[in-house]
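Written out below as structure tokens is the structure these notes cover.
Naming follows writing order (A, B, C and D), and every chain is counted from residue 1.
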Amino acid sequence: MERKYSVFIFNVASCSDRYCSAYGRDFSMEEMFDRVKSIPLLSAVDLVMNQQFLADKPGILRNLQRTGLKVASVATDTFANPLYQQGSLTSIDPGVRAQAIADAKAAMDFAAEVNSNIMTLWLGQDGYDYLFQADYLREHRLLADALAELCDYRREINVTLEYKIKEPRTHCYVSTVGSTLLLCREVGADNLGVALDYGHAALGYESPAEAVAMCKLHGDKLMHIHINDNYRLWDDDMIVGSVHTLEYLEFLYWLRRTGYAGYMTLDQFPFREDGRNAVAESAQWLDYLESLVDQADFQEIESVLAQKDAVESSRLMRRLLRGRPEAITVR
Amino acid sequence: MERKYSVFIFNVASCSDRYCSAYGRDFSMEEMFDRVKSIPLLSAVDLVMNQQFLADKPGILRNLQRTGLKVASVATDTFANPLYQQGSLTSIDPGVRAQAIADAKAAMDFAAEVNSNIMTLWLGQDGYDYLFQADYLREHRLLADALAELCDYRREINVTLEYKIKEPRTHCYVSTVGSTLLLCREVGADNLGVALDYGHAALGYESPAEAVAMCKLHGDKLMHIHINDNYRLWDDDMIVGSVHTLEYLEFLYWLRRTGYAGYMTLDQFPFREDGRNAVAESAQWLDYLESLVDQADFQEIESVLAQKDAVESSRLMRRLLRGRPEAITVR
Amino acid sequence: MERKYSVFIFNVASCSDRYCSAYGRDFSMEEMFDRVKSIPLLSAVDLVMNQQFLADKPGILRNLQRTGLKVASVATDTFANPLYQQGSLTSIDPGVRAQAIADAKAAMDFAAEVNSNIMTLWLGQDGYDYLFQADYLREHRLLADALAELCDYRREINVTLEYKIKEPRTHCYVSTVGSTLLLCREVGADNLGVALDYGHAALGYESPAEAVAMCKLHGDKLMHIHINDNYRLWDDDMIVGSVHTLEYLEFLYWLRRTGYAGYMTLDQFPFREDGRNAVAESAQWLDYLESLVDQADFQEIESVLAQKDAVESSRLMRRLLRGRPEAITVR
Amino acid sequence: MERKYSVFIFNVASCSDRYCSAYGRDFSMEEMFDRVKSIPLLSAVDLVMNQQFLADKPGILRNLQRTGLKVASVATDTFANPLYQQGSLTSIDPGVRAQAIADAKAAMDFAAEVNSNIMTLWLGQDGYDYLFQADYLREHRLLADALAELCDYRREINVTLEYKIKEPRTHCYVSTVGSTLLLCREVGADNLGVALDYGHAALGYESPAEAVAMCKLHGDKLMHIHINDNYRLWDDDMIVGSVHTLEYLEFLYWLRRTGYAGYMTLDQFPFREDGRNAVAESAQWLDYLESLVDQADFQEIESVLAQKDAVESSRLMRRLLRGRPEAITVR
């Protein structure tokens, strides 16, 4: 099956955390594009409209043209801008909320300009940390209203909600696949959907594969995918496939079964690694895991799922993992 | 405010776990009713239509009349009956699923007979344990269809979904407040709603208070409440208030603000305690925590929530906890 | 490498949990032995000296002789016997504690009788559930004293501590690899060591492989191994290899590197599966995972570990997983 | 009882996280000291020897003298300096490790200079993120050897190990109270002990109170305390008492029972709050919680602990929480 892999462009640069402000050196925009371009299997980037990128849109366009990379999605920056530290679309300050809506519309405009139909909306600062800190009724309503306004702004651009149960807030409003699909129903716009981050699903104790099926069932709402790995208790944003194996196979199977045809965007935080090489590893792993699914017999899988017998499931997984060795191309 | 406290009748008897089949002795139905009756603050019971109860409906009616206890809800047994070990309403075996639907209808009938309008549906066996074990699309559809049939059966009885993210399955379908409200929307019946278990919400890393607000927002769907305490990583089903304090205050505040007027049902597993005394403790704690909310100034709380300032929230909580000491009646 | 696989004999029978008292039918001791015997790759059993087994020691000896199965270890029952619900070796009731010590000595005697040098001690009931429930100082001392007495009783039998952070208590005293090795130091007996349960280590957010290394470093204390799989947040006791893959490879590598030569005991709870078949699956998985380690180049692994470079680790894992396909024997 | 409260001086300034590099403005060293000084109940600071502080030791001394604040401890910076991103005392690069040891000795020297006998060692970067990334045997040995060297360097300065199970690494070597006390035993120096961070203990699913008791039992090793609150699944570093209540009471009780006489150091990350006010809140909470323990009857507590009866524990906690209202001074 065709591999459509993208990466958040900042992943190939350096990271910081709450203790250490710079694990590595700074990278220019040009270097970042070059590094992405140099990675086998990647054909696109996801952009974040943060300060650095807003300051140089012409530079982005020039680098896109120069490298031939496509744009998988454009994210509005609701998480790095300190203006939104108490919420963006749900801010109780009308001026801050209006700015957040304006930023998101600008991201939709830019997505259109670079031929992407996906605007990514990760509302990491919209939520609360403390008990008795938020008027939940009011803020949930502000959220739905803002989404309706965005979806109405440009019907040809999909507004995709990336859910995550926590971090940077201890509790985020757009938290689980269920609450996100509920919000989609509430708003009722065709161009509102889900950006499913594999690691966020795992963090929320979801089966990423079941989350894919739920998106299918409730309006075919899966519009974008982020992928990385973690130990299930925090969004560790590690190299794809470095912790889990079989769970990816189930996830990839359900993506195919439900007809997902969009990009798979690598989204990780290589704090102590060379960003380019860590991203390249993720692409290699994903390609390897997909090659195992390529070799699978889908009728056999459906037949096992129809039995609901864990012993048969276990046998199936061992067969899938082993693959048909002669068919694997070693890269 | 009026205290309407109930308890799952089995809570005053003995428990088992997967290692030890009997921490305490057996109790007759009469003894269980007597023990509930002896606990201050309780005025009702929740019943589970399991083998023991199905075998002696006249006995239940006689004990209800004898003790004057009301019935807060009637639960259908989808979790203790081994017939449903691979699912009840979602069973892929048509005969098993038909039986589960019939059982649930019988519980609705019995609820009507004992003047309760609540049927509790906790689908603990409906889900999966292993990867590649379930056809998620198919089983989610079976679930929605069965719920529609139940709601249609008796419109005056509320079918209340008790969500829980895991146990006894490693993954349950009715898992979070978001997925449950989504299911309510999908089915679209007025008599389908949520039975919110405080401990299940905490286990799923929800704020129980936010869950209450979400039920209000999405169709006023909060129909029943179970209460107990845990360490947030497992459904420990401990004495109410034995671990958390402030989180209950926020929960109780939001129940009042959203106008919840139903029962609070104690639902715990006192493995190593005398069941009667452990339940009495929960009632005492709940009453104490409610007394702190009784003393609160709701305008002051709303004013703090409108500021979204954690320092103000912290000050408020200290004031709430301290109460107006002169107003507390020591029991 | 030689496979020395055993299984807790009850794993091939039926399970219960706190809701459902019987997922399957009862099995006689003879049937259980037959079922173990029928599983390829198994050559031994682990026994638990619970009521059923205590009642028929001659039956055990007869079945051992009949089937030719060895005994990997004998466990004393400190978890299913309701007498120990508030603690066995740490019970504050002197009579209960004396009985627990006597039971453990009897298990050591029986181990000697059946030519095993391992007594397994899983102190699941020794701990506490609630805040302000236990005098930690007193009970930790009772624990160390009892262990010293047991180790002194028969020097040729190893007393192996199986740690687990929780369940059935919400907090258990013998909780992590660190606290267990600390206890071994405190007691200072050569025949006191660790029974490392892979799933318990994962539940405590340990790397099972690091736990193996720590046992080596602190007195070569790894004396027994239990193996199963889980989702890392609860002791799900699932089929080996059904969730994780790479983590087993690292675990198996460190077992070989540190020279572990004992049994690998399968220890799972196949609630909804046929016990025999679920155990057979675990044995197949374990054999497959070991076959991948068989093919590994240990010098290459050491060279990667010496670099502390996650990208190299990732590449190594992909190579290990792929194996040398021509060398794998499909069973 | 005397309140000896300190705070990590950076807590009154601004925070960053991995997304947002500056939630608030920069503060000069002088401002930070002034802000600490302005907070009721605080009498000391904990210092971190990071770049900013190393650059201006005379400034520190001047500010200490000016404000009259004591120094509770001096921490060496092993977590913010990117040099140590792959480990400090366990670095496999001999030059990096030598520098980390030199830095720690310099922190010990500075502690002596400012009349503190506590050097805090939080080894957040010493550990690993990925499977197959570390030679556990080698790095655990490097750790013990470095600690021995530090303890030997100045016997009158206590080297205190602050354990934490994860973050910034996904797995840290100094992880739990058990593994830390084991390490203390291994090294065997009188001036090596534990800096117990309440939030880290909770994150590792420990009872902080049991951890205090274990430190007492295994050599009276509790030498320093950090305090903050969290939701138990991550080191949220929130205002003390903003989530839990009863658990602090048990912790404070055990501190008194075991005779802890050192400082309680507030250690939090007020990302979205004014740092000074958030710290002031923690001090107010801690003082309030201590006032409840002040009112407790210790014989009554011991008598409850001796019964191991959760119902009695529950009643005790309700009594403790209620306090003797007439005795509480409202601040």
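We adopt the following convention: a contact is a pair of C-beta atoms (placed from the backbone, for glycine too) under 8 Å apart; a residue touches a chain by one contact, two chains touch by 3 or more.
Predicted model only: the values in this text are computed from it and were never measured.
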| item | value |
| --- | --- |
| Label of the chain whose CA centroid is most distant from the centroid of chain B | D |
| Chain C and chain D, separation of their C-alpha mean positions in angstrom | 35 |
| CA centroid of chain B to CA centroid of chain D, Å | 39 |
| Where chain C touches two or more other chains, by residue | 86, 129-131, 166, 205, 231, 233, 239, 242-243, 246-247, 272, 309-310, 313-314, 317 |
| Arrangement of touching chains [line / ring / star / complete / other] | complete |
| Contact footprint of chain A on chain B as seen in their complex | 86-87, 92, 128-137, 140-141, 165-166, 171, 175-182, 185-186, 204-205, 207, 209-210, 213-214, 216-218, 246-247, 249-250, 253-254, 258, 301-302, 304-306, 308-310, 313-314, 316-317 |
| Complex contact set, residues of chain A against chain C | 205, 231-233, 239, 241-247, 270, 272-274, 277-278, 281, 284-285, 288, 309-311, 313-315, 317-318, 321-322, 325-326, 328, 330 |
| Sites on chain C touched by chain B in the complex | 15-24, 79-82, 85-86, 124, 129-131, 166-168, 170, 231, 233-234, 236, 238-239, 242-243, 269, 271-272 |
